[in-house]
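Just dropping this structure here.
Which chain is which? They are A, B, C and D, in the order written, and residues in each are numbered from 1.
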Amino acid sequence: MGKLTKPLRGIVVPMITPLNDFDTLDNQGLEKLIEHLLAGGVHAIFILGTTGEGPALSYRLRTEIIQKSAKLINGQVPLLVGITDTSFVEAVKVANVAAEAGADGLVLAHPPYFPAAQPEILNYLEHIAKELPLPMFLYNMPSHTKLVFEPKTVRAAADIDGIVGLKDSSAKMVYFHELQRECADKPDFSLLVGQEELLAETVLLGGHGGVNGGANMKPKLYVDLYNASVERDYDKIRTLHKEVMAISGKIYNVGAYSCYLRGLKCAMSCMGICSDALSEPFRPFGKEDRATIQQYVDELGLKA
Amino acid sequence: MGKLTKPLRGIVVPMITPLNDFDTLDNQGLEKLIEHLLAGGVHAIFILGTTGEGPALSYRLRTEIIQKSAKLINGQVPLLVGITDTSFVEAVKVANVAAEAGADGLVLAHPPYFPAAQPEILNYLEHIAKELPLPMFLYNMPSHTKLVFEPKTVRAAADIDGIVGLKDSSAKMVYFHELQRECADKPDFSLLVGQEELLAETVLLGGHGGVNGGANMKPKLYVDLYNASVERDYDKIRTLHKEVMAISGKIYNVGAYSCYLRGLKCAMSCMGICSDALSEPFRPFGKEDRATIQQYVDELGLKA
Amino acid sequence: MGKLTKPLRGIVVPMITPLNDFDTLDNQGLEKLIEHLLAGGVHAIFILGTTGEGPALSYRLRTEIIQKSAKLINGQVPLLVGITDTSFVEAVKVANVAAEAGADGLVLAHPPYFPAAQPEILNYLEHIAKELPLPMFLYNMPSHTKLVFEPKTVRAAADIDGIVGLKDSSAKMVYFHELQRECADKPDFSLLVGQEELLAETVLLGGHGGVNGGANMKPKLYVDLYNASVERDYDKIRTLHKEVMAISGKIYNVGAYSCYLRGLKCAMSCMGICSDALSEPFRPFGKEDRATIQQYVDELGLKA
Amino acid sequence: MGKLTKPLRGIVVPMITPLNDFDTLDNQGLEKLIEHLLAGGVHAIFILGTTGEGPALSYRLRTEIIQKSAKLINGQVPLLVGITDTSFVEAVKVANVAAEAGADGLVLAHPPYFPAAQPEILNYLEHIAKELPLPMFLYNMPSHTKLVFEPKTVRAAADIDGIVGLKDSSAKMVYFHELQRECADKPDFSLLVGQEELLAETVLLGGHGGVNGGANMKPKLYVDLYNASVERDYDKIRTLHKEVMAISGKIYNVGAYSCYLRGLKCAMSCMGICSDALSEPFRPFGKEDRATIQQYVDELGLKA
């Protein structure tokens, strides 16, 4: 499709994966979901990331999701596909599936499990970039990989052919600003923030956008906040930022564990978009927590 | 083969994977290595664990290693196979490959990447145990998974059909002793320690053995220390424990990063057993570090 | 003096402590420094915080610094005094010294050493607030205390008489925005950010100001950035924010350890304001690192 | 008194501090407690450590405790005094109080609050050792200081006049064995373990003893386990080690937070030895948790 702007800007929604059970796709849910996201005006869709439970799914299911999503999106917005894997070879395989299905870009975090030093991860990036059929975004995700791409590693990676940006989910804005300083001479290198609570300030201070899970629920809100931030419309920013804070303060704070993933999927289910089934080892909320989420969904006016 | 004792006792060597490059097996190395380990008297061989770089290898290569190792070991000692995976379905697939090749047991750490709470991981174990064709050992590996199996979770897991023991690589002996206290009524549940530096005290205080990487280099030393500990031969314990400390203090402390894996493989290469090639994202030592390892190998009298 | 606004707004400089050696005040340095800060237009001065090495100093020296600073500042701006202490009783004693010297407020982090749970720290705050002779700011400083004031604890603390605000040095803006959401009904409760790299976004999104170490070197820069952020002067913000990033990217990144404190004090010494002596266990930079700082000081145009 | 053996061996009890409230000594409790400890045959008494809540107490109270303890112990066993402090000068002051009262040794962890690098902490030790009037033990306490004395730092410190040993509360036996390897040529340098759960293996593998909080409750048990370990009486070791595990598994696992300190003091109160009052910011257990502790005290046969 080749619709990736340089740099990629705006709201990239890290799409949840509608499931019927841990190894079965919720086809109807997927259709409704993609329609919902496109109607909300998101600038790109990123599947099989953390929010998409990518690494927990079988390769068979990942292939199915890639192919069906590509078909449903049908070039209306760029499609990014997560390929993070413990194994180099398997990551490349998923990338090839994505390219064949017509995806536009790839997203890659550190290979989980083995801790890697900065020179090792840079070697790895140099090696894998040569094998990948599509442009690739780095994915800084220390809460899950326990590793970071240090600013100097990112600057070096920005010189590698095929590496076109970074999604930072560290929630550390000092780090994000250091990236901006390091990459000041690479204006086409996209710097996106993971946490929706940090979207406004990211864009106000020169970042290119957000990869925000909340956009699954109310895509237009995040798109509007992005636009208000680009336009420096402070009153709008303040109002929308508060709404973003209210959503995450409520939906992601129910239950005793795995609150983000379970809360988000439960809300999508309460909104009637798709099932709240999860991949292993996760389980949906029980009745009580679901009732709380339903109440929040109503209070917050979230709807399909 | 069915040769797993209840509980499994002794030295289980977490075998390194001899490679020619990140996706090619060093066949000759594998042959020499297994011969070396069997000659040293190890009680079992565990392939595709952390030391075996399992999660970093392609499934094709993992299958090849399982099949060739099974053939070479040929039932002389039990063969355990690591199946740790981000994906439930893929873990089960590797388990089936192992069973078909004639392996005797499986080893499973937390699925990497997604943090899971204790109730989630217990659900996961209950689910996966039903799908596995062979007995399974839990693998507590917080340095890589950033998660632990809490003692009460382990006790609950010990009641699940097919879960027969635990390898603890947390290096926390207070935790290990808590496991022993929790599982006091399960004398067939095997409790093994990962760190070779802790082998003597583990066995002296009632643990069943060790899964010790150093046994790749000098299997007989660890077997002797295990036996001395079982026999409470205190003078022998002191002497052998010091030799164990000398090996790990030297071989695992060269280079600036990934010292354990790179040091161990480099030593095996200096000993003439196999190549020091590693999976992605690792690289073998350069000349200078290799010279240091060679010197240590000589000093310590390590040989094939 | 009673000059604390409600809420306190602007740039509160966490003043370094000019020393001749670990237990001797650099009197001339203190004079020059306070003059420099006041000339730069800072809104308040905070002594004996982390940047001021407070907890590392003897009580005799802390008393001397409080009394001399109060005299030199002479009511031109509010004076805040750090009282963080492992011991409740000793913290109150320093508070009384501060009140007698004419200080305007106190700053209190978690008592270091013993980890405390949220209910414990809230009890502690309720107890100590009754004993303190001056209004008190909480100081969220997880890098040093390894503990946080959770948002609900902060909201509860905001209802305690005498607790008037919080300085957040966690560098986590999601947390900061959660504090804002929790304290939305307490508009007089001051929320200030520790990291100067986060000053602009803090103020743009409704925070009250910064407690920024860099203001020791160039107070006017941080005051200007604060003002530009209040006035939403976007072009100015971008320019000044970049200068702030350049200063911290350089001055705080020299040397192998304790880079912030040693870099900052070395810069102040290169600027001719005071000695670079430090409290135990710190030592000033050696020749080479000092030369690098001198070069940066020149490049960045830092001057007394 | 000068009764410190070289190296110090056996059970050093880290004495709790009997309090009536956060700043008042429980004099009667102190008397009973010291009598209880001496009757149990402990080899030394260590006051004002972590278990003794040292850093949380006022200096006035610390002085009182030192003087009264010294008088009550009256040279029957060596008396060690904790001097860990955020401030170098104040640590030395407490050391002088201890020496004047007739104490035999000092115990010093990293100064809390400011993180220090290894060269810094070594400089600090060199400096402070010159100022101290008594022999000093290092105290490796990463759970509270978030720092460690690395093995090479310990080896260097062992060459400093006046530094005579180390108490390791890291609970990491690999680290402990590395210390033993580093200090193999310093047979007079005492290496003691903090966790009572690790006492047996420590002594079996050549360590000199334990500084174990449980010895407040049942000093004879820990002394017996130490002796059995010295004598390699394995059957006794197994039995006593299990009793040690039962005590810590129960007494330290009640309540939602600060379980060790609150559980231990509550048990001592249930045993009729002293009050369960704690220093700030701690509070004694409520009725329900106290009832659980009382039940455990009865089950375990703990008595004055």
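In this section, a contact is a pair of C-beta atoms (placed from the backbone, for glycine too) under 8 Å apart; a residue touches a chain by one contact, two chains touch by 3 or more.
Just so it is clear, the model here is predicted, and its values are computed rather than measured.
Chemist: Report the chain whose mean Cα position is at the greatest distance from that of chain A.
Modeler: D
Chemist: Distance-wise, how many Å sit between the C-alpha centres of chain A and chain B, to the nearest whole number?
Modeler: 35
Chemist: Distance-wise, how many Å sit between the C-alpha centres of chain B and chain C, to the nearest whole number?
Modeler: Their C-alpha centroids are separated by 50 Å.
Chemist: Residues of chain A touching 2+ other chains?
Modeler: Residues of chain A never touch two or more of the other chains.
Chemist: Among the chains present, which pairs are found to touch?
Modeler: A-B, A-C, B-D, C-D
Chemist: Per the contact definition, I'd like the list of chain C residues that touch chain D in the complex.
Modeler: On the chain C side, the touching residues are 22-23, 50, 53, 55-61, 84-90, 111-117, 119-121, 123-124, 127-128, 143-146, 256-258, 279-283.
Chemist: Which residues of chain A touch chain C once you look at their complex with the stated criterion?
Modeler: Answer in residue numbers: 171-174, 177-178, 180-181, 195, 197-198, 200-201, 204-206, 232, 234, 237-238, 241-242, 245-246, 249.
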